[in-house]
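Chains: A, B, C and D, in written order; residue numbering restarts at 1 for each.
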Amino acid sequence: MIVEMRKGAEKAEVDQVVAKARGLGFDVQINYGTEKSVVAILGSDTGSVPTDFFALLPGVESVQRIMKPYKLASREFKPDTTVATVAGIQIGGPQIVIMAGPCAVESEEQVFETARAVMKAGARILRGGAYKPRTSPFSFQGLQEEGLKILSRVKEALGIPIITEVMDTHEVELVARHADILQIGARNMQNFSLLREVGKTTRAVVLKRGFSCTVNEWLTAADYVLAEGNENVILCERGIRTFEDSTRFSLDVSSLPVVQKFSHLPIIVDPSHPAGRFDYVPALAKAGMAAGADGLLIEVHPNPAQALVDGLQSLTFGNFEKLMAELSPLAQALGRFI
Amino acid sequence: MIVEMRKGAEKAEVDQVVAKARGLGFDVQINYGTEKSVVAILGSDTGSVPTDFFALLPGVESVQRIMKPYKLASREFKPDTTVATVAGIQIGGPQIVIMAGPCAVESEEQVFETARAVMKAGARILRGGAYKPRTSPFSFQGLQEEGLKILSRVKEALGIPIITEVMDTHEVELVARHADILQIGARNMQNFSLLREVGKTTRAVVLKRGFSCTVNEWLTAADYVLAEGNENVILCERGIRTFEDSTRFSLDVSSLPVVQKFSHLPIIVDPSHPAGRFDYVPALAKAGMAAGADGLLIEVHPNPAQALVDGLQSLTFGNFEKLMAELSPLAQALGRFI
Amino acid sequence: MIVEMRKGAEKAEVDQVVAKARGLGFDVQINYGTEKSVVAILGSDTGSVPTDFFALLPGVESVQRIMKPYKLASREFKPDTTVATVAGIQIGGPQIVIMAGPCAVESEEQVFETARAVMKAGARILRGGAYKPRTSPFSFQGLQEEGLKILSRVKEALGIPIITEVMDTHEVELVARHADILQIGARNMQNFSLLREVGKTTRAVVLKRGFSCTVNEWLTAADYVLAEGNENVILCERGIRTFEDSTRFSLDVSSLPVVQKFSHLPIIVDPSHPAGRFDYVPALAKAGMAAGADGLLIEVHPNPAQALVDGLQSLTFGNFEKLMAELSPLAQALGRFI
Amino acid sequence: MIVEMRKGAEKAEVDQVVAKARGLGFDVQINYGTEKSVVAILGSDTGSVPTDFFALLPGVESVQRIMKPYKLASREFKPDTTVATVAGIQIGGPQIVIMAGPCAVESEEQVFETARAVMKAGARILRGGAYKPRTSPFSFQGLQEEGLKILSRVKEALGIPIITEVMDTHEVELVARHADILQIGARNMQNFSLLREVGKTTRAVVLKRGFSCTVNEWLTAADYVLAEGNENVILCERGIRTFEDSTRFSLDVSSLPVVQKFSHLPIIVDPSHPAGRFDYVPALAKAGMAAGADGLLIEVHPNPAQALVDGLQSLTFGNFEKLMAELSPLAQALGRFI
């Protein structure tokens, strides 16, 4: 922590900062400069102390942290990249894992049909929402437990692992019984009770980025899951909210190299939500892959014009097949495979 | 809903849009323009149908909704302004209700001392967090149930009603037993399970605006609480996330006249979180009041430099007293009182 | 400047940072910590050296500036608040100066009529645009020189000073001949050639905040005008671009206490542009005033429904008169006057 | 234009809207709905009329435009993609054109050395700034005319075309004498005088996106250049300003498919400015290419740690060569070449 004193701060004020830091058990380095004095507060545990302890002392201009706010998710803590394993599929290794399926589970027939189509085109994991976080209480809220059962039957019949969202601490146990991967949606990235609860399960967790959360906050949220002992955390970039309104969200591809520099966790990209329209999905899927994604999470529907949720951003089977044919050589050019 | 056809769309394509709309039970108004045709889809219930049903039909350029996404929170639904009553105090009437207290409950002594100080200066409701949503699992998480008990004892002893945050569906019943107002924090504005749960209680609910949510989304979230039958919903503007980094958040005073135009719900302002520093709080408190706030929610601490959470943005007793002395004539100039 | 070394950086790497700093004439303070070493680079002129000089040295994790990027606009440079004087009117003193008039000059009659109405209601300065920055080349671009002449005639006849926008270095001299205050629009806040040019005139300059510029960038832009010797710079907060779309821009009232803490320059508020609609203007005008504005810049039009530019956000004469009647007691409650 | 009447608006109010529209020469389509009436105003020229003409009429709830605000830049105006030709190099065709060089021209030796290195690695156009828009007047402002002469000499000696920035209307003629492509920087995207001036030259123009401008505003700005008769306009996505602070800007890859859908203009990507750090540049360069860029604009410097401007985001010769070796197979996988 770096404490910058105000221009003209008195020595007694500097001393008070120093005393406070030493009282908390930290080392201190002081420079009595010509214009401004600066106090560096050092120690491996300064992150646990609020900067405000110092910012409010007399004569202090500002306090800046040097340490990152996250620990368990950091590459300093674990230098080797984490590879999450889900039903024998590795996420974070050389393979770029495609997860595809409908936004919402609507019927057994719909899920079977979609699963067969995306598997044929090369997807390895099936997505489908049973619990749907909807902005309005008057919108379709998902088939809930019935949806989970449909997913389970499809998984059993076709042998494809399942990723599905969990929205509430009450439902974690139930969802974990059916799903291979628990998805935490963007609106729940900082639902800390929920993060703790999925951290207690043995399922892999896909943690979507909150659409207005920084990379630092995202990795700190991952700490909640990791702290409970669940190490199979996969990050998912899905776009951030900006002023631009021609797309639903702005896919922040920059977050991929940043995450890969500072964290050991694997990261996938959801191109469907930022696109908001099916015809922008291919460009965003390719961009995400080229930026370094370990997987893609893509919405596919047998008949998007009849979809109960997010039809406009869903690919038809034909469009998905076409996209997969384009992604495959791209993966190779990047030294990976699908 | 307004469906704009592409330049050169064929009549058969327009007909398909019309047939779809009529099939869903809507009225239709068509204009076969020289350049572009436009189809207006009309009816009181178009809000329940996804725009994507039409956006994906061949020949369609775009679809725009005309109806607002919220219903129960709208002034169209209930023209008269709602006045929430909490322990005999009216929020949404001529009085501007000041709620003040520490960010987090730290000890019984701290809460008693603060309650006495803010009551003396004119605050009518005591704030204090027992459950704290912290970005890191390694930060202080609040005294939890013990904190609630402290708040209850202070309330009983001094007769001041309590507002405190609830973070998880599991805790709603417990918190509602102690608190007069349940606060939904910004990070939980779209935690729909939690909204439903507080909607089932008889307590007033302060719904903080998500820091990246639009006014439309905020009012639609209020619909979740209202739909359960709880009509005592109070909105709280607490700043939005923008690119500006000299303050913690940007207080969006514009949301006040917008909310008051389109919704019947009362609205208060939290000047402490957007400020992020105690010395910016007075300007934001005054701005919020001048923009039309029905109340203010202000952080006050006996010794901010020792506060476990948000000390930098907390006012000392002296600063709070000074601010209250400035707010009083301002309220009068606005035709209201504190 | 604080240079944080990477965990495990070698002593030779630290030495290189130190040597670089000393070679540039700076003092250095080093701490060889247990986990990380930190080098503080000190001196009154570190602001003139790019942080990249150090960020690119081997073993460096990050470099942070402690000094603000602006100099002449800072309160450290000039502790006393600047009071700009325009035709005998003081901006930055106890009076809150109201500037009002049409967005665009459309005709001599329109300007005369408006000037009389706003003067009667208490405005002290007349606004009116002769050169209009329009997003499309096919929109009305202003009456240009003819507009300036109209403004001059009104000024001469009624004795009210004029504020008008200048958009191009070529026109500075011409505009300065007619106007008392040169307005730099938000889109030109970082048009550095233009800033230099108005800095060379003897006219007061209103520098509007770029709608996506930080307070730091705004004050640094003011340095361009101040560096040319023009000390009559008045800042104008006019809203920033955010994700919220119910208003045209989000008025950032937080910028007022921040500017007043770190800069000596006076600051006014334009409530019309962020509002985007006339019915939100009163709430924003009051909020701006309560947050500490030294003046307000308000759009008024004799017949907004016929206005060539920004009619929706313009007040009628009646609405302006009503607003002024409400602002006057507010100013008094704040210890000021209109 | 769609005019939505308020719930309960009277027929006389609807009639007034209709009369206004017909008076302006437009066709009108009315629906007297059960809850709300809607008036569609039709005609090829509604874009030239402010929506406020209608929004301010009594009984009107809202007015929405259906037409895009830009004309000449739209694909409706010109269906075939524009291919800009610069010194025989086609931008917008199958080749992905790499433009590389230093942020700022510092010396003849620096530019010669860099030009040779980037040409060898496969770059086709040399970038280099002679006029530098700097946020502070106390920073290095570029070598200006001397810088242009250096660029000219390198171009003559090595035969590589030049792209360089022009910042002021006064300098357009001079810069156009030396440069093959005139670059309009992000801060000048809405400097309309400058856009008009470069529109009058015969040079190709790279129009960088303003860092807080929407795609619609960007294409409308392009209309200014196109309206003067200059059809060689190339758009350049360079990142937008968001709340995320781990990178300098957020590269908005979504803008590429949007631009390509709605405009005929070619588009390139600058990965250096959004990255802000050299180690993020490769991921962003690849993402931009995969999203559909027709070219890349990359900062390269012989010795970034000594660069006067933007050293941290500049690639060394070695890093640039390595990146080019990775980009080449990627271009092939996308069906293009470098």
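Heads up, the rule we're going with is that contacts are C-beta pairs under 8 Å (C-beta built on N, C-alpha and C of every residue); 3 or more make two chains touch, one makes a residue touch a chain.
Quantities reported herein were computed from a predicted structural model and do not represent experimental measurements.
Counting C-beta pairs in contact across B-D and across B-C gives the higher total for B-C.
Relative to chain B, the chain whose mean Cα position lies farthest away is D.
Homomeric contact chain A/chain C is classed as same-residue, with over half of its interface positions used by both copies. Averaged C-alpha coordinates give centres for chain A and chain B that are 26 Å from one another.
Computed from the mean C-alpha positions, the centre of chain B lies at a distance of 38 Å from the centre of chain D. Work out the mean CA point of chain B and of chain C, and you get 31 Å between them. Contact with two or more other chains is made by residues 212, 241-243, 245 of chain D. Put simply, chain C touches chain D in their complex at residues 47-48, 50-53, 55-57, 69-71, 133-139, 167-170, 187-188, 190-193, 196, 210-212, 217, 220-221, 223-224, 227, 241, 278, 304-312. Those residues of chain A whose C-beta lies close enough to touch chain C in the complex are 2, 4, 7, 27, 29, 31, 33-36, 38, 40, 42-44, 62, 64, 66, 76, 241-243, 245.
Against chain C, the residues of chain B that register as touching in their complex are 212, 214-216, 240, 242-247, 250-258, 261, 274-275, 279-280, 282-284, 286-292, 329-330, 332-334.
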